[in-house]
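Structures incoming, each one as structure tokens.
Note that subunit A is present in both complexes that follow, paired respectively with subunit B and with subunit C.
Entry: the complex of A and B
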């Protein structure tokens, strides 16, 4: 039994390191913060972490199958622009029309009210999922390297976002914004459940920020079952040794498509939240690029090998949180924000170096090049 | 037993199976059958067609012609999983395991136990424990990752994985090559149990004593043909060796000069590495071509890599012209005058997309440079000389080296190293996949280089070539040099007998034993 625990710790040393690093950094942050260990600080941090955590999860799945997805930031941005049209919450719905170089196309009215918002959320997530599915099909059936396929589709998705929102704008229902970006108590008060959040049994959990609950829910409901499915196993197998996976009769094409599709879904979740949080849609190209690169950094800090086969989306969540906490420090210690990339880079280098220690044990140096 | 009777009771029957790879014959009109409840050994030299045979049976490759019947009905397997579904399970020589997944994951990879549609980790682990216990290897923790297991344990897992597929026909391709002797005993016991349950077993092994101990029947293959099938005890070991030899193509080899004791050049003393090289001592004199023989994978390649500075943790002593050297990298080996023509010319020998000219000078850039800059005039001069010397057939020196034929590519690799003026030339199976004409040119060139004073260490899987080219041949088995053959001893019978590590019985003695 002890043996088993030791083995599991050794196999997940990357994740364990990320969790420890985050815990230490976050405790330090809270001790240094004048209002540390309060619900308000936690809520603010949750809002800042959520989108990157989702993108880190998104990036993890293709990386496990040894492919990079350079379109996760673009999918996030595109879904955010969709949301800024579909989640306005206007009582009589939102009229939609397309303006294609002067050609006006009416698309009817998107329903309003609560049912309209729920439908809008479904459409947004479906859009992200579809974008990921298209990535997967191009990689598998077009036999194009993931990095270049997603570079191209990423540009297309950004193009769609720019078409939808040439300038930042749009609107998100205010109640939705309030409910999703605050504590559970605020959520209950906004949607009128549990006596508007005043129920006595609810009080002990009312302080927990909604984004953290969402994060845990998505991890438990989507990631954990996927990891334990045959398809999820096949994703790991493809990343570990594609030839052996094929020889073992695994569905390797379906596994790769599933990996990119899931990435699209997670990126869609991130985009949806970012739009709700900012109450607008914005086709911000530098922001999309920064999120994509940070998602890769989060994956690496979270202990997932860029060669594929080992790691977990849970580790990547902690990787994302480590990256974000570093930026929190700049705020409270009043360090010049211009130094932030420097420190993020150093942390990334340190994390990667730990992963590269295995090289020292290789006895046939020719194996280093395989 | 006649062939007709054999076919009637057979579980698996192949008739008229042929297979070619890029024009090269791998199998030609093979008829073959095996029965339930019997262990059937398949014997043959390197390249006799054994691997192609089992790949066809296991659905890895498709035959060009011929039919295959399993349990009475005709079958053809498009994929390994189709073969598995029909009860045909193969334990491959090159392991089919995923290094980053756990032992339990790997064993149940094709059809894991499920609960509510998801993989049931607990049931999967129990299953792995049971299967490992069946072959007596409870010491493997199913949670361990394959990557972290030693080779012998990985092979055990491979066997457990195959058992878990409930085979009707089990194929073992050198499946015990990495096992410890204790494990081999356990695998034997397991095979006996399967045999009693009526499983048909095909057993491919280069270890003659294993075949003698296990097999009920054996089939010998040679040059892609099925030569003979016989029951246990009907043939002596010497007979079997004779059946395995028998080659029709005789290549032209340059004459070997008679020479006095050569000047010492390369002296190897007690070289050991990572359990795969075991106290190797060998001398190669200036002007000598010394062959490395034996079955594939007995440490010959590791020996060449160790001398070229690729391996870490090598112990022992290497002396070049009386000076002890410890090359820690290929660059260091190059600087003491060692050159290696590597195993895989496409990945280790050449930079395929780069030009012929670039490839030729890549190892000797310092000789044609002035300071940090490459001297174009000297470069062109050197390239012209190299192309002329080796008679490389090219369009223009600027063409990508990938446009050349295999033989000419190999010449480029060799020419690249000759430009460094090496004193010691290591050759790792340089004639593999090369046409006969180019082979002869390479043989001539080797002799020429030796005559100019180079020491050549030459590994080849082709025994004929070793006999024709080498002044002396060292036979390796299990990381050791088991025998050195020279002069009249240098015969195919002796090479094969030493390679199988059995006593080289003369045909007369074997005949007497047979009678």
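Entry: the complex of A and C
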């Protein structure tokens, strides 16, 4: 039994390190925070963590298949811009029209009210998923290297986002914004369930922030079943040895497409939440790039190998949270804003370099070149 | 098809197609300008030289990027290496401006190379971290504002002036190109670079000090980025925040459009040169057409996908 646990810990040393690092950092943060261990702090942190955590999950799946998705930030931005049109919550709906080089196309009216918002959420997530699916098809059928294929599609998605929102704007339904970015109690009160969140049995969980619940829900409902499916295992197999996976008769093409499609879905979730949180759509190119790069950093800190085949999206969530908590510390310890980017970079460098110190123990140099 | 012409075509085909595509862009752009304005600026040497002058900065960055891509690595620290070199060169000033700027590039390349070659951190993530550190250093140095320092006269002359009607920046780009071509085709270093890109373990077993070569490639890339930064500062007479951001992805795209395999080991410098010209001309045609940023991004992405679909397709892994 103990041996079994020891083996499992050794196999997942990356994830275990990320979880421990996060736990220690987050406890320290809460001790140092004047209002630490309160629901308010937790809610604020949850809102700041969610989008990056989703992008980290998104990045993990292609990385496991030893691909890299440089378009996750672009998909997130594009979905956010769609959301800023579809989730306005206007009672009588939103008229949609396209303006392509002066050509006006009316597309009818998007339904309003609650059903409209639900439909809008579905459309937004479907858009992200479709973007990921296109990435997967280009990689598999076009046989273009993932890194360069997604670099190109990322430019296309950012272009669409800019087309939708040349300047930041749009609107998200206030109730939706309130319900999604606060605690479960506020959520229940906004959507009028459980006696507006006042039910006595509900009280013990009412303090939990909605973003954390969503994060756990998405991980349990989407990631865990995927990982246990044949396709999920094929993704791991493709990442560790594509030739062997092919010879074993695994559906490698479908696995790769599934990996990128799932990445699109996760990135779409992140974009949807970011739009809801900021109540607007913004085709911010630097922001999209920063999110993409931070998602790669999260994946690495979360213990997933960039070579593919080992790791987990759960680890990446913790990787993303470690990255974010580091920036929370800047607020607590009053580090001059001018020095913050420097510290962020140094910590990122230190984190990946310490993980690499194992190479000093390698006796056969040839083992380094795999 | 004989094996000789096949092996020739594998590297030459991308270059040829990219060159043809440049012609297509020129013709399409000229037809457009002729129909709309009744003139053909794309065919005037003055205009083309001016565009190439702007393209020289991208060309120099891409030359360095190619060295790194050929050994199957990537350098994401280019944006802030470029900016840091420009900012330090302008703030030092005087005769040491350019050496200091290039020194920054050398130092960053050295750090990148050591991290990637000796610590074996994936270059994707290590250079990303170095980029963040350089950005942090520059933000701390400048206070986050546009630096008030100006480029030296020599920097301005090198980047902005003309000799015999040809922009000096083009001469610098040509010198860099000749140097890279000689390194890749005429020196042992060049052979090693291709060997490492094909299979590092095999190169190591063949007696190549692969880690030293890796460091050298990153140093060359860092110095190239720094040189572009120094020139760009001279061209715009000052350094500014984020001046390197527009060079990272286009430089990778130029290298790949030119037929260099993103997984390393294959590609010719002539291709990178053509890739740069293609991107520069595409940009200038789109700006003549008053294309909004949204359309530019979409077309830019579609062109990369299209070019790679034509000649950049990998082989199926079947064993």
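To be clear about the criterion, the second predicted complex is superposed on the first by the 354 of 370 C-alpha atoms of A that agree within 3 Å, B and C clash if a C-alpha of one lies under 4 Å from a C-alpha of the other, contacts with A are read in each partner's own complex, and residues count from 1 in each chain.
The rule we apply is simple: a contact is a pair of C-beta atoms (placed from the backbone, for glycine too) under 8 Å apart; a residue touches a chain by one contact, two chains touch by 3 or more.
If you're wondering where the values come from, they're calculated on a predicted model, not measured in any experiment.
Of the two partner chains placed by the overlay, only subunit B lies in contact with A:230; subunit C stays clear of it. In the superposition on chain A, A:56 contacts neither subunit B nor subunit C. Contacts of A:247 after superposition on the shared chain: both subunit B and subunit C are touched.
Contacts of A:309 after superposition on the shared chain: subunit B is touched, whereas subunit C is not. Touched residues of subunit A were counted for both subunit B and subunit C, and C has more of them.
Look at A:359: by the touch rule set out above, it reaches subunit C but stays clear of subunit B. In the superposition on chain A, A:239 contacts subunit B only, with no contact to subunit C. Judged by the touch definition given at the top, the superposed model places A:151 against subunit C, while subunit B stays out of reach. Applying the stated contact rule after C-alpha superposition, one finds that A:7 touches subunit B and leaves subunit C untouched.
The residues of subunit A shared by its contacts with subunit B and with subunit C are 247, 365-366. Within the complex formed with subunit A, the residues of subunit C that make contact are 74, 76, 115, 118-122, 124-126, 128-137, 139-140, 143-144, 200-201, 204-205, 210, 242, 245, 249, 252-253, 256, 262-263, 292-302, 304-305, 308-309, 312-319.
By the touch rule above, subunit B contacts subunit A in their complex via residues 60, 79-81, 84, 92, 95-101, 105, 109-110, 112, 114, 117-119, 121, 141, 143-145, 273-274, 302, 305, 310-313, 329, 348. Contact residues on subunit A toward subunit C in their complex (touch as defined above): 68, 138, 142-145, 147-149, 151-156, 158-163, 166, 242-243, 246-247, 252, 283, 286, 289, 293, 296-297, 300, 306-307, 337-346, 348-349, 352-353, 355-357, 359, 365-366, 368-370. In the complex of the two chains, the subunit A residues touching subunit B come out as 3-4, 7-8, 11, 225, 228-230, 233, 236-237, 239-241, 244-245, 247-250, 305, 308-310, 362-366.
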